[in-house]
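The structures come next, written out as structure tokens.
Both complexes shown next keep subunit A, but they swap its partner, so subunit B is in the first and subunit C is in the second.
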Partner chain A sequence: MSKLYIMCVDDEPEVLEAVERDLAFFEDVFPLEATSSASEARSVLERIEARGDELAVIFCDHVMPGETGVELLEWMETTEAFGNTKKALLTGQAGLDATIQAVNNANLDFYIQKPWTKENLLSTARDLLTQYVLESGKNPLPYMSMLNAEAVTKAMHESGLVSDE
Partner chain B sequence: MDTRQTDLQTEIVGKLLEELPETGRSILSFRPGETIVAEGQPNNRLLILSEGEAKLCKYDQDDFLVEADAFGPGSILGLTSFWTRRRVFATIESANHTRCIAITRPVFDKLVRDHPEFRDLIQDLFVSNLSRRYRHLVESLVERSRLERQLKEEHNHLRETLRQLEETTNRLINQEKLATMGQLLAGIAHEINNPVGALLRSVETAEEMLLQMVDAASNEDDQVMIREGLACPFWSSEDKRARMEKLELKMPDTPRSLLRRLAQLSDKAQKLIEPFLASETERSRLLAIYDLGICFRGAGIAATRIESIVRGLKNYGRSVSTNWSDANLVDGIKDTLTVLNNRLKRYDLILNLEELPTVSCNLGEMNQVWTNLLVNAMDATSEGESIRISSSVEDNSIVILIEDGGSGIEESKLKTVFQPNYTTKNQSGSFGLGLGLSISHDIIEKHGGSIRADRSKDLGGALFEVKLPIQ
Partner chain C sequence: MKAKNLLGACLGLSAFLLATFNSLPGLSLAGSIALGIFLLAAIFWILEPIPIYATSMLVILLQVMLLSSQGFVFSVRSAPTVTVKETTGEFDYLVPSSVISSEGLVYQKNADNAIIPLVIERLNIANAEWVTIRSEELDVALPLIADANHRAITGQAYSYSKFYATLASPIIMLFLGGFALAASAVKFGLDKNLTRVLLKPFGSKPSSVCLGLMVCTGALSAFMSNTATTAMMMTVALPIVGSLSPKDPFRKGVALAIPVAANIGGIATPIGTPPNAVALAALRDSGISLSFSSWMIMATPFAAILLLISWRLILSLFKPQTDRFEIAIQGKFQTSPKAIIAYLVFAGTILMWLTEAMHGISTSMVAFIPVALLPAFGVLDKKDIRGFSWEVLWLVAGGISLGLSMKDTGLASWLIGQISWQSFGGVGVVIAFALVGYVLSNLISNTVTATIITPLAITVGATLSVSGDFNLVSGIVAITVIVSCSMVLAISTPPNAIAMSCGIIETKDLARTGLLVGGIGIALAIVMHLIYWPLLM
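Up next is the complex of A and B:
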């Protein structure tokens, strides 16, 4: 079974360490990759793709040396393997223009403003993971412990997989 | 009026008074301001001014009274209207107490016909009057031409003054903006500084207390773990990944969450925890102690970083209003970098900052120069390209170079860029008045230095070189 990854990208080591610590919560079901630049993210993404694994969710800073977060997300949107990845910006300073660009061209799914709270980050990640699993048509059961149970149950009811009788 | 002519006219008038038969003339007196000949009226007498002065008054299109000519004794008043039988062209007023010899048309005709000596005298007087008027006209035209030239000069001067005034106003606005920003920065920095100071001291104290507590109440392993955690290296994301992969090879089937926490450990801590890996309770306890150390380290580093950012902002803000002092330019450049960091981090910033001797300068103004040059460099350069700042000492000068990999400056414009209002940007820029380089140029000159623009050989874009003498 292919693995579903979570990735976070931030150029500031202290910030990356903190995001990594928070998102590691999902690790035993959704392995985590922490990267410090867009180019590092791309090379890790290539390896994920090469192994036949998938990236379910990415949390990405915007302002970074070199390629910006929005540019990375745009590239992912046009890349077949990561077009369906749930994309979130985790940033303190994406201006209106960059955000519009991200929504229009990268199909941005979520925007979290820094400083973030662990609770908010985890619930967002849980929702995005749930969406990804459901939309990809995978069997949600192996991932259930880390998903939004209510949403999964509702979706299964709607699809007729489970009935109340 | 030509005195010789006046004398001549007075003489003629004297003769006239002698020669004229009593019946042929009447003497009229006028008070100051009284009208002698009225504009628009018919005039059937010839008036010869014998005493006092009169003036020719004409209203222009805007109803503004112009005194067009002045008459002295011997002048004929109403000459043209009498001679051409047209209505009076311009009013003549008595300037003071005047007396005129008045000759009516029938009397004039009779005198001309019967008295050849009168005819000769009056002819002389006519010619003398007309020539005086002609001279006056030519002189007026010459004067007018001079005045027009003067007016044009004054107009040009005024235009230049207006331009300078606009420039000065813009400079003042710019200065005011900077001063306001400086006050804001210093104010905000001060506000943040207090809580951050408290935070930093608390973290430090808490760290000491924690160590005391662990040393007093826990075993040696815990004491090592907490210290290792506090000193935990900042693994790069690549190092961390490699460490995780190495651990995974060594201990396959270990959950990734555990691998990640183990990868974070220093080598010494990894070795220490190895015997306890099988015992979940002891393993978790040791990892928790280590992580506690990491959190303290993180809090300390974050607070220290805020403190240094705040210090940079505060220095930059305060320097806006400072006076001349012995200062280190590199410190000022670093403060400027702190203020611009948010934008600068999108570029490949190369710093070749050599320590410099202190120089007497207005640090705030010098920071304004670095800010202008760096903002220009960023505006001209695509994100991700290089911007380089170098400082060095050459002979007896400090040399600061700011280079970029942007579009550069056309060779023909390398000198004009320092003129006021030179701008390639629209008003959306943070300053956008086209004064940045002009102000920078003035500041550097005031410091006895020089600034020049060129093409950066290494980076391909613009190069600005600031040279300041070391006293």
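Up next is the complex of A and C:
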């Protein structure tokens, strides 16, 4: 079974550590990759793709040295392997233009304003992971302990996965 | 995977051809064809080269084409015909002697290819080949069947519509009613809210919360599908599991309690799980119709006792290490008009099912109340109706249809005639069928297992019950509940598969618990078959 990853990208080590700590809750089921720049993120993405694994959700800062977060998300949107990845900006400084660009070109799924709260980040991550798993058409059960259980049950009913045979 | 499918398909088809084209001693032509269809279906159901519901549909197609009185084999179109040679008097005709059957009947065929049997009077035997007959009903314009012993007449095949009719049989309608109720309950969150309320009195002690979870799961799965109940209850159980320390063995206990209770709960009512439908249909075909409440009086105590034993078993296998834990299920009962109607129809239908003795409206007739009323009030829309498990209805209908042919072509009697059942005694027969059913249903679908063994069990039972050695209803109920006790492997039942794929329990946990619960279930069923169920029937 292919693994589903969560990735966070931020150039400030303290922020990255804090996000990592908050999202550690999912680690049993969804392994976490923390990277400090867009270029590092790209090389990790290459590894994930090469192994046949998938990236379910990315939390990405916008203003970083080198390539910006929105540029990274735009590029991901055009690739086959990461087009369906749920994309969230976790940032304090993305201006209106960059945000519009992210929504229009990178199909941005969520925007979290810094500073974030742990509850908010967890529930956003849970919802995005749930969406990704259900949209990917995978059997949601192995991931169910970490997902929005009601959404999963509803989807199972709708897809007829619940009959006794 | 591919090779296995190919193997299954080849095996099934060759068994079908072998049985159909080899006439076996003691088996009629129709019986041979039925044997071919039975073997094909059994092999397809076990090896699954195609989905099991597709096999059921294939069974009905083969029966319609090969076993019906309009099909390729038994159609009167295939019978040679002659016309009256000479009209010798007002109602007297000279005909070949081969048109007269051993019962003294002559058969004509009308323009619609229907056979018209005529009672005749044989006037004289002119010679061996020609006779004069007298009949007031004979129509000279219509052809006579030249050979009165042709299979179109002696085969006594059904009209194809009888095979199709199994899809609208009372038992299927009963299940349709169950689907409608369950769909409305899920749509308005009744299942989850009932769980929330029912769990409250169980407090926060691990052992009693576990009992609470099992009771809720069992009660819901008695009215909804075991699988849907498990999916819903896992969403309640997983947060509990998550709150326990990763080293606490009770994590596994909670995750196991749900599928075990769901499998057991399905036994409690006729609509709980499809094998019950197969048993009810087979009994009905033998002229015994069991009401909703009589099934419950027989099966609910069994399910309740087995549930309690399983609870203690799970507690002792997976000892909790915490003293208490919290369950927080959010939500409140919906109070929209549609939700209220859903509750009322749900309660009303179940009440009518339980009180059949008072009003005399049968279980299957009551079942259509929710089917008609829920869409009428807009409680269920067409999306909900599309969401019913229609493939399960096809699966059961194919089984009922196959059972029909097995019984009436003499196949079932022929098959069981290969073993001398008298020497088993009444209990021996139940144990033999129960063990075969238990092993089979651990490996393949419970419904399919019931479909394969019930027609045979009921034929043996009918033979033995003539000599007073066998209580047919009790025996069939025992075999059916034992089929539902199979839960050793993840593939044994869909609830097991759901629980396993959540990643908390391992194969060996399931195997250990499943074997113990199954073993106790078999023993309990045999005991009830000996001392409790015969008192009721």
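In this text, the second predicted complex is superposed on the first by the 162 of 165 C-alpha atoms of A that agree within 3 Å, B and C clash if a C-alpha of one lies under 4 Å from a C-alpha of the other, contacts with A are read in each partner's own complex, and residues count from 1 in each chain.
The rule is short, and it goes like this: a residue touches a chain if its C-beta (ideal position, glycine included) is under 8 Å from a C-beta of that chain, and two chains touch if they have at least 3 such contacts.
Owing to the predicted nature of the structure, the values given are computational and were not obtained by experimental measurement.
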{"item": "Subunit C versus subunit B on the shared subunit A, clash or fit after superposition", "value": "fit"}
{"item": "Which superposed partner A:Ala56 touches (first subunit B, second subunit C, both, neither)", "value": "neither"}
{"item": "Subunit C versus subunit B, contacts on subunit A by residue", "value": "B"}
{"item": "Touching partner for A:Val152 - first (subunit B), second (subunit C), both, neither", "value": "second"}
{"item": "Which superposed partner A:Asn139 touches (first subunit B, second subunit C, both, neither)", "value": "second"}
{"item": "Partner chain(s) touched by A:Ser36 [first = subunit B, second = subunit C, both, neither]", "value": "first"}
{"item": "First (subunit B), second (subunit C), both or neither touched by A:Glu14", "value": "first"}
{"item": "Three-chain overlay, vertex subunit A: subunit B-subunit C angle, C-alpha, nearest 10 degrees", "value": "150"}
{"item": "Subunit B versus subunit C as contact partner of A:Glu67, first or second or both or neither", "value": "first"}
{"item": "Which superposed partner A:Leu23 touches (first subunit B, second subunit C, both, neither)", "value": "neither"}
{"item": "Touched partner set for A:Ala98, first subunit B, second subunit C, both or neither", "value": "neither"}
{"item": "Minimum C-alpha spacing, chains overlaid - subunit B and subunit C, in Å", "value": "8"}
{"item": "Residues of subunit A defined as touching subunit B within the complex", "value": "11, 13-14, 16-18, 20, 24, 27-28, 31-36, 40, 44, 63-68, 93"}
{"item": "Subunit A-facing residues of subunit B, complex", "value": "234, 236-238, 240-241, 255-257, 260-261, 294, 298, 301-302, 305, 342, 345-348, 383-384"}
{"item": "Of all residues in subunit A, those that touch subunit C in their complex", "value": "29, 139, 141-142, 144-145, 149-150, 152-153, 156-158, 160-165"}
{"item": "Of all residues in subunit C, those that touch subunit A in their complex", "value": "52-53, 186, 225-228, 231-232, 234-235, 238, 241-242, 266, 273-274, 387, 389, 391-392, 395, 445-448, 493-494, 498, 501-504"}
